[in-house]
Amino acid sequence: MCAIVGVINSKDAAKTAYYALFAMQHRGQEASGISACDENGKIRTIKDRGLVTEVFGKDSFDVLKGDMAIGHNRYATAGSDSLLDAQPVTANYALGSISVVHNGNFVNKDEVRDALIEEGAIFGSNMDTENIVHLIAQHKSKSLKERIIYALSKVLGAYCLLIQSRHKTFAIRDRYGVRPLSLGRLKDGGYIVASETCAFDLVEAEFIRDINPGEMVIFERGSNEIRSEQIFTPDPRICAFEYIYFARPDSVIEGKNVYEIRQNMGRVLAQKSKIEADFVIPVPDSGVAAALGYAKQSGLPFEAAIVRNHYVGRTFIEPTQELRNLKVKLKLNPMSSVLKGKSVVVVDDSIVRGTTSKKIVELLRHAGVNKVHFRVACPELKFPERYGIDTPSFAELISANKNVEQVREYIGADSLEFLSIDELKTALGNERNYSLVSFDGDYFIK
Amino acid sequence: MCAIVGVINSKDAAKTAYYALFAMQHRGQEASGISACDENGKIRTIKDRGLVTEVFGKDSFDVLKGDMAIGHNRYATAGSDSLLDAQPVTANYALGSISVVHNGNFVNKDEVRDALIEEGAIFGSNMDTENIVHLIAQHKSKSLKERIIYALSKVLGAYCLLIQSRHKTFAIRDRYGVRPLSLGRLKDGGYIVASETCAFDLVEAEFIRDINPGEMVIFERGSNEIRSEQIFTPDPRICAFEYIYFARPDSVIEGKNVYEIRQNMGRVLAQKSKIEADFVIPVPDSGVAAALGYAKQSGLPFEAAIVRNHYVGRTFIEPTQELRNLKVKLKLNPMSSVLKGKSVVVVDDSIVRGTTSKKIVELLRHAGVNKVHFRVACPELKFPERYGIDTPSFAELISANKNVEQVREYIGADSLEFLSIDELKTALGNERNYSLVSFDGDYFIK
Amino acid sequence: MCAIVGVINSKDAAKTAYYALFAMQHRGQEASGISACDENGKIRTIKDRGLVTEVFGKDSFDVLKGDMAIGHNRYATAGSDSLLDAQPVTANYALGSISVVHNGNFVNKDEVRDALIEEGAIFGSNMDTENIVHLIAQHKSKSLKERIIYALSKVLGAYCLLIQSRHKTFAIRDRYGVRPLSLGRLKDGGYIVASETCAFDLVEAEFIRDINPGEMVIFERGSNEIRSEQIFTPDPRICAFEYIYFARPDSVIEGKNVYEIRQNMGRVLAQKSKIEADFVIPVPDSGVAAALGYAKQSGLPFEAAIVRNHYVGRTFIEPTQELRNLKVKLKLNPMSSVLKGKSVVVVDDSIVRGTTSKKIVELLRHAGVNKVHFRVACPELKFPERYGIDTPSFAELISANKNVEQVREYIGADSLEFLSIDELKTALGNERNYSLVSFDGDYFIK
Amino acid sequence: MCAIVGVINSKDAAKTAYYALFAMQHRGQEASGISACDENGKIRTIKDRGLVTEVFGKDSFDVLKGDMAIGHNRYATAGSDSLLDAQPVTANYALGSISVVHNGNFVNKDEVRDALIEEGAIFGSNMDTENIVHLIAQHKSKSLKERIIYALSKVLGAYCLLIQSRHKTFAIRDRYGVRPLSLGRLKDGGYIVASETCAFDLVEAEFIRDINPGEMVIFERGSNEIRSEQIFTPDPRICAFEYIYFARPDSVIEGKNVYEIRQNMGRVLAQKSKIEADFVIPVPDSGVAAALGYAKQSGLPFEAAIVRNHYVGRTFIEPTQELRNLKVKLKLNPMSSVLKGKSVVVVDDSIVRGTTSKKIVELLRHAGVNKVHFRVACPELKFPERYGIDTPSFAELISANKNVEQVREYIGADSLEFLSIDELKTALGNERNYSLVSFDGDYFIK
């Protein structure tokens, strides 16, 4: 999970990219970067560890000149070197300079890398993105477009890519369209491409359409025309997780508002079984929309009874007197004056390892809750995602190893329910295919 | 508005103070400081500009040794020097070293300061706190307690004070009890005094009781006994603003849960007039509890239709292409897919200058809202507070200069209602007096 | 030992103060600060730990506005809190704001402080300077000049003081003139007062004269006239250490160029005894001038055979493989190709604890030197200085505890000679009295 | 000009590399980096802009584990990106990971780079070093040694290289030996290779011998044996500039002590013509050794009459009152009390653009010097160096455009003399060839 943005033909493109990345900070907090390209085709890059507001300062935009820019927010993944693996990747090759950002995952990256290395390539980072750059560099065509198509013919995976050269930007979405990518228009006539539409809202861009699965869109400096080419046969399977918890609730993906889909999930969840409870509470902020849906459907009152502290930064954590569950408590505090003696339905978006859910149940018990009915607005997570999400291995996924009753026992709830896969599809609307690998293990890209 | 905390007779007192300050970050983000006192009575202080997590690092606690500590979060006020005016104030005087933190405001501070200066005192900062230290130093008694009582006899105002000497900590609340101050017990037997009970929850302290208006509580190193003295006749008037927007919803002040009081305010607001609307939405996060109360009372659905971005830090803000309302938009994004064509009741906790409310209404209109019924969970703010809150002057308070209809016109809403003062009292529960100066202009401390 | 500077009636006074402090960095590296006073009498201060170039950046001079400024470089002294004890000290008192910088030491500071505290004063730092501010504040006169004279009547010591008020700056030197203070004129007509004349060279000020012992010079905003008053009967005894090692060689103190005086010391040293040696080498940079004088007088060649590394900053020092004498070696490297098998005269400015000299002799032996004749360009240091120099206690001063032969044995030299007190006087020129307390124990201020 | 170091088979190799780089800070101040290789062959790199003491802190050595390390100090060159172009360059390729540092310059780097890019290579930096890594990666041999030899067969230039793989380190010097590289042995039995022997002195390594021109030395983890291979026919031409001004005076290059060679240059200079002058002064620190040699030969006294301020860091420079020659004055201050009315011989190591020399003459005139006889301890710089020194272009080299008389006029001296090329050879000792391209334009590598 990451965020990407491209801005073309807009004054101060890097500033617009900056605000767009800011709006998409939730998709990646480890590192951020922007490459801007000026009128002479000179590309300048600033990237570093940290939040968008930490990486860029006022001075950054004196450097990042030009009417074209691409940017990236990187999600923290285990074992990565946050500085080395920050994007964009900028390189010089036979046709000049290019800069690439990438959201997703190539499933055959090791094979591609090994083959490239076998042929004499050198790698400076751990990123898949470097594969793409090497493949582009390796091809002999004079046309960057042909080189890109060649490179993509060699890789398998779920990806959205933005490739910026001297005077063009290419936006590509894999044939499955696993990750979202939308096209918008800025008020000064320039174009913007971004992972989520919430970025358009902040920079006051008008949403035009989603980039299609398998489509390559080519933008050219100075031209209002955009060229589109269907480079792969589409087989759309947008990732259900984008709706479940990645995307911001105010984003619209493939025509569906994330907040409303999440409410649907809560509604469907409420239809599964009737619970005697005093009220419904969300795990903030992830479970809010689903809990609202649940409350509406069930008729139970909604209470914001767990308070979230939003100041959590890089906190010094070293409990002095055996402060239990400190890490969770720094973020979440259940109000015992509201909760004492009550029976509650707690709604969260998912259960991954089960450890946080277990701590939340403990905190609720400590606050005096009588009955905890835990409801999860997605199916059991039984398989590691491999298309761009950093899910843990089988061994760590609690639902890969325990059935619902065992999970309930582990987290200490009085009852526990997940959505079934079919119920999830109902909530999503049944008219379309989705990537559901984490739930059904159907690794359709291999 | 600030946060104070004192920890006594607890191992690693400074760490506990740190977590308590972290939990109370909402009361002040400009500066933070802790003074720890070790077994030899040596006081060490670290204070600086910034959030709690920025001011203190792991190394800080190698310095801040001891089983006694006091701490402070400073609220940004216009014209203050954030470093110079950071607390605690530590000074050497005739009886040794003391360290003082303070939440509130002395109404006669200029007179006291002028008199002290007249007598030859020097001042290094702009803080009222320095007055207290000078008055303590000036008195000739061998007893710090007597000196403190003398000092407090010279000042008028709303305040909570913690004064830490070699082996004692004094906690004092003014006779009106305008600002909250609670007493708790830590798991290792030590005591904790804090502005809000949410701090107790994080450090797993048990709430014992509120410090009474006019009470001085004396803690002594090594003693489980705490001594209490009623040094002023109490005349309790807790500040209504603590319930309206200062305190965290999960705090309990004078026995009342802030979240529940805020829901009451929303309920009372809903009783004022019946509105035809599609749903109720809060201005997040300030209006959430009141909006929930409003929704319950009115029977209208509650929708979290304005999304808040919690990553707002020290953002570089310089609009490129006339991004309207950028500062508000960086934080708040109304979902047009939910809002388009709807009539909504928008609930916020208060209207101060009116500028933010005006921008929110604009954003809602831009998102396609048809009718905006703005509801405010407190009365019209007509008078500057002078007891510890940094409210603007008469000239800037919109309700000091415009009536409700004029404010409605200014912010662009279709309708606008405030709570009346009596309705506020109803929501607060009628059994007690409150400080309501901002609403009624009754400056009872002068 | 510290550096002070005052600038009056000069555009961008703080920038000039900055360059002057930069030129006097050798007098204090722990902390630096400047207070500038603008046309409205508003005083703004920036001070912090670190070198002049670290404390001040480009932004500093947007803050430090005005045509008057005073500044200070602080010397590291054991046990001081570098931030708390940074100067200038700025305070508000009965006549407004003042800012004070100070070079020297008050011998009765504890008595004065105790008396002030007894009367109710509070102290925020460990600095003597705070005494002066308190005494000024305590007096009741409407005239700052009278208050200053009163304050100085209460203190005993060696000091140079600069006191800046709304529209005036006072420069005062104690009656003994122990520390240097010179007056110069800037090219734009403004005045400058500084500890050393090397500061004048950098800012292109013309040297006018030294401030006299016991003199107070008063500068007034907007006036070219300077008023002088002899507030104490002069009894001049400039500190011999200024010539021996404090001052920069290019400074001129009381009409004498430091470099030339140091050469004199070397010449006198060479006359004491005739040594058979291959050449003379200095301990760089402290012994260079004296070694040159020694070489000229003795006829022996001068060799720069110990190389100094000037990049020594805040180095990480943690020897891995028992690197001997690492701290000295990071700075000094004797060239074995020059030194092997030779007999050398090594000249340094002084021996304090003897530890460094011992390590230098070891390094020379390791480089293959045959005979090491150590020569010291000052007398034996037998008494702690108390007039502004941070010399160690009796217990640590090697010459307070060992005679010359014992010191020679300790440092491992083949021969060792110091200047006698009379020889020092000869080198200094015999026409004047000097402060020689470290050598003769005549504590004339008490 | 840069510094390189390699440490093999020594506990805490990175710490030793750190101290060695510290001792060689004079060879490059822009960036610094170390790659350490642990027992499992895992290579970790830390590199950044700044001085050695700024780039590495205590924590660095928790990361840089292992008994093998290579390091680099980078010299600032116009147009380089200090972070991107910092070394070591670490990359993954067919045989695993390697890390490379490099001192020197490849004259055919653009051709090599173009050819590599043509074949599909991508470049992330502007460094020649990347060429080497690509060439190594491109070859198909299973032997790294063979690949290195292949890579070096493709490049032309002056270079010293250290290549660190999982368990081996290769040290290579080009066939001309233009840049120095020496081999030493640490006290714990490990080996060290460094640009200058002054690094050995600090880490207490014993000098073994210089690496020969055209030699490759191979070190293997765990083995005391070192293998040597003469991979190119030697044609030794050590760069004369190393003696003239690059190297530290305490280094020994090819058996000659730099300090003594510089004295020779001064002696030869003094033999050129007899000057009536009061004394000889060096431009510190560059001209000290030559000035001493000049003084000895001529019989004129040596005076350290220009004082150098060693605190010059990243100074804020913005003259307020037209401070002339501020940049030079921040570093150098001539003592007018010594210089007034005198005739002096000023010795510096070289004249490049002439601007600094001109300013020094101005400062001397301002200090009252009567006659300035400028003497330069090397020949006229007429050709840009291309073998690792960042000399300016023809247009900027003053001696490429003006004859001696014209240069004298430009810098404002009363007389001016350079060494002739033959005199330089005499000073260097005539037994060996030197790289003299800057003086004679004989670009022998092309």
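Here the chain labels run A, B, C and D in written order, and each chain numbers its own residues starting at 1.
Just so we're on the same page, contacts are C-beta pairs under 8 Å (C-beta built on N, C-alpha and C of every residue); 3 or more make two chains touch, one makes a residue touch a chain.
To keep track of the chains, here are their UniProt names: A, B, C, D = Amidophosphoribosyltransferase.
None of these values were measured; they are calculated from a predicted model.
Enquirer: Taking CA centroids for every chain, report which one is farthest away from chain C.
Expert: Greatest centre separation from chain C goes to chain A.
Enquirer: When the centre of a chain is set as the mean of its C-alpha atoms, what distance in Å lies between chain A and chain D?
Expert: The mean C-alpha positions of chain A and chain D differ by 49 Å.
Enquirer: Measuring from the mean C-alpha position of chain A to the mean C-alpha position of chain B, what distance in angstrom results?
Expert: About 36 Å separates the centre of chain A from that of chain B.
Enquirer: Just give me the whole-number Å value for how far the CA centre of chain A lies from that of chain C.
Expert: 61
Enquirer: Make each chain a node and each touching pair an edge, then name the shape: line, ring, star, complete, other.
Expert: Its topology is that of a ring.
Enquirer: Give every touching pair of chains, nothing left out.
Expert: All touching pairs, sorted by chain label, are A-B, A-D, B-C, C-D.
Enquirer: If you look only at chain B, which of its residues touch chain A in the complex?
Expert: 10-12, 15-16, 18-19, 22-23, 25-26, 51-54, 56-58, 60-61, 186-188, 198, 201-204, 248-250, 252, 257, 259-260, 285, 288-289, 292, 296, 301-305, 307, 309-311, 313-316, 318, 320-324, 329-330, 333-338
Enquirer: Considering the complex alone, what residue numbers of chain C touch chain B?
Expert: 90-94, 117-118, 120-124, 133-134, 137-140
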